[in-house]
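Common to both upcoming complexes is subunit A, partnered first by subunit B, then by subunit C.
Take a look at the complex of A and B:
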């Protein structure tokens, strides 16, 4: 039994009219400010690491570790969930949000045990990110190898 | 000056990701995967590293910076070891962040109780 095309379209319009309107401008501005601020905090550590003689690459890696630590700590204290509620992707896109996506389920699913709870759930979001990131990077690298191109500087 | 660029570039990427989530059917998790892949592709064209030089943490802290690290790690290892580097370069370059995220997540599961 299928509703007619007209009935489907009418229903879709009805759903749309009653769905909560997304405050687009507000969300975008908040994401910008929250995400930009997290990056500016990261820049403080980046400057400190570079001043202590780390190469830009090493300084970047160590900055990532510090921001991951901050994200994990704030998640543990229940603060990072508020940052994500406020900033949306501004809280989730920085690497502290990546940490949040690992730490929150680790805490949440501890009651399901250390193996299938904590160990497995840590990767419910981080897993796809790492998997498809690596896959994309490998394909790109393979194209350069296959064509014998020099890597971009 | 670097702080302003970090704020602007990092903020712009987060705003773009927010628009993707609000205007499409993609969930935040989908958007994270999309932006890592976009970062990797941009790195492949050699576009991402100039952004890192301009904006520092503004380009390296958001997840597209993770994609950039994966690609640059692969280029580096391929330069040293040839095609083997395709298999080792990505995780080698990103090891510190991934390892410590796993360590901190496990510690947090021990130390903190979820709210509510």
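Take a look at the complex of A and C:
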């Protein structure tokens, strides 16, 4: 039985009236703390790498490697999903969140084998980021070519 | 019993009133429950027959773990009633997994005919109603109803890989891990301490809710429709039903169902299995529990024991299901709801242990 358009609209209003409040302030503060902490850890690694003689560029790349590793490790230990449950985007947005988005499907679909499981489905979460990242890069590249601009350094 | 008589009278000796099947010879002889670790730590933890300590049960996948849950619940039921699997004429099995594999794989090691059922989280009440109908009609003397759900198997199928970090909104629900098997019998097989008095199969009701994180809103109209139908068909007033349990509307869905019922002139204060299964102060399950095992676990741990002990004379269980798949909602379809209701009564006689 499909409700009429009027009944649907009335029900939508009822649902909105009873909707539990999303704890926006709590979520925002936790996102700030969790995301900030992850970045602080990254900064510590970066400083250590620089002190040991790496150029800032190299130190930045190495920091990304370490944070990705950390994200993957914490996903494997079953901790990272708890971090994001608390921190929301504060946990998802740093590069450790990207590692989580790769490792979680790899773990989940391992049971279907290396080819049709891990191989085919490892990008099931991160895939859109890569697809549209590539698309955006192509569009911006085309704009640069069309305007005759020098490539950014 | 006076109340039993009222139902039969209102039936005017017909077996079906409106959409409701009026049952005379269908009983619950016993139930066995197997709960997951999270459910075992909830407020009903002490009342389950078995609590698993892990999520995999020694199996290679979540899916096989769920099948093992169902098998253990069924074997536990056999043990409690001192029966062999072959003593059941039929097994009605249902779960949430694609192609209902948990039930099928559980039954591949059991010597009993299987009919698979699917009504999402309303499968348990659908199974009870159909089993009671088969017994009452004389096709079967003893039918087992077994349902299961597994949190991780459901997450993976309906949402995301289990280790992916997600922040869920407060309307989201937590799929329960567990399985329950119930023995439904006719008087010829000894009856039981609880009588299945009526079964109202539900219609699919769609109020165009599209949010997969608000199943309570998607299912509440179906629950209101089925409960109002049951009351109308049996010409009963809400007070005569005893405690009325909805399956898994949870905290966000119960007020919606009560508001819809009030609009139809039915004043009913609902209890909800999704709310009773967990302790919100200690367990972060958002709006409450869900899953085919949710209403079944609460039925086995609270509803049936309350009836057997005489704490209540009558209870209505209205299990609720959301009939979407990940494919349909990604394609922009709304989430249709369904609710099946059974009316349970204390029979006052022994025979078995519910």
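Rule of thumb we're sticking to: the second predicted complex is superposed on the first by the 137 of 153 C-alpha atoms of A that agree within 3 Å, B and C clash if a C-alpha of one lies under 4 Å from a C-alpha of the other, contacts with A are read in each partner's own complex, and residues count from 1 in each chain.
In this section, contacts are C-beta pairs under 8 Å (C-beta built on N, C-alpha and C of every residue); 3 or more make two chains touch, one makes a residue touch a chain.
It should be emphasised that the depicted structure is a prediction, and the values quoted were computed from it without experimental measurement.
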{"item": "Which superposed partner A:134 touches (first subunit B, second subunit C, both, neither)", "value": "first"}
{"item": "First, second, both or neither for A:116, with subunit B first and subunit C second", "value": "neither"}
{"item": "Which of subunit B and subunit C A:8 touches, first, second, both or neither", "value": "second"}
{"item": "Partner with the higher number of touched subunit A residues, subunit C or subunit B", "value": "B"}
{"item": "Subunit B versus subunit C as contact partner of A:75, first or second or both or neither", "value": "both"}
{"item": "First (subunit B), second (subunit C), both or neither touched by A:19", "value": "second"}
{"item": "Touching partner for A:88 - first (subunit B), second (subunit C), both, neither", "value": "both"}
{"item": "Intersection of subunit A interface sets (partners subunit B, subunit C)", "value": "22, 27, 75-76, 78, 81, 87-89, 92, 97, 101, 103-104, 107-108, 125"}
{"item": "Subunit A residues touching subunit C - in the complex, by the definition given at the top", "value": "1-3, 7-8, 11-12, 14-15, 18-23, 27, 75-76, 78, 80-89, 91-92, 97, 100-101, 103-105, 107-109, 111, 124-125"}
{"item": "Touching residues on subunit B, where the partner in the complex is subunit A", "value": "2-3, 6-15, 17-23, 28-29, 31-33, 35-37, 39-41, 43-46, 49, 52, 55-58, 60-63, 65-67, 69-75, 78-79, 82-83, 85-87, 89-91, 93, 96-98, 100-102, 104-109, 111-115"}
{"item": "Subunit C residues within the subunit A interface of the complex", "value": "60-61, 156, 160-171, 203-209, 214, 217, 221, 225, 251-252, 255-256, 259-260, 284, 287"}
{"item": "In the complex, subunit A residues that touch subunit B", "value": "22, 24, 27-43, 45-47, 56-57, 60-65, 67-69, 72-73, 75-78, 81, 87-90, 92-99, 101-104, 106-108, 110, 118, 122, 125-126, 128-130, 132-134, 136-138, 140-145, 151-153"}
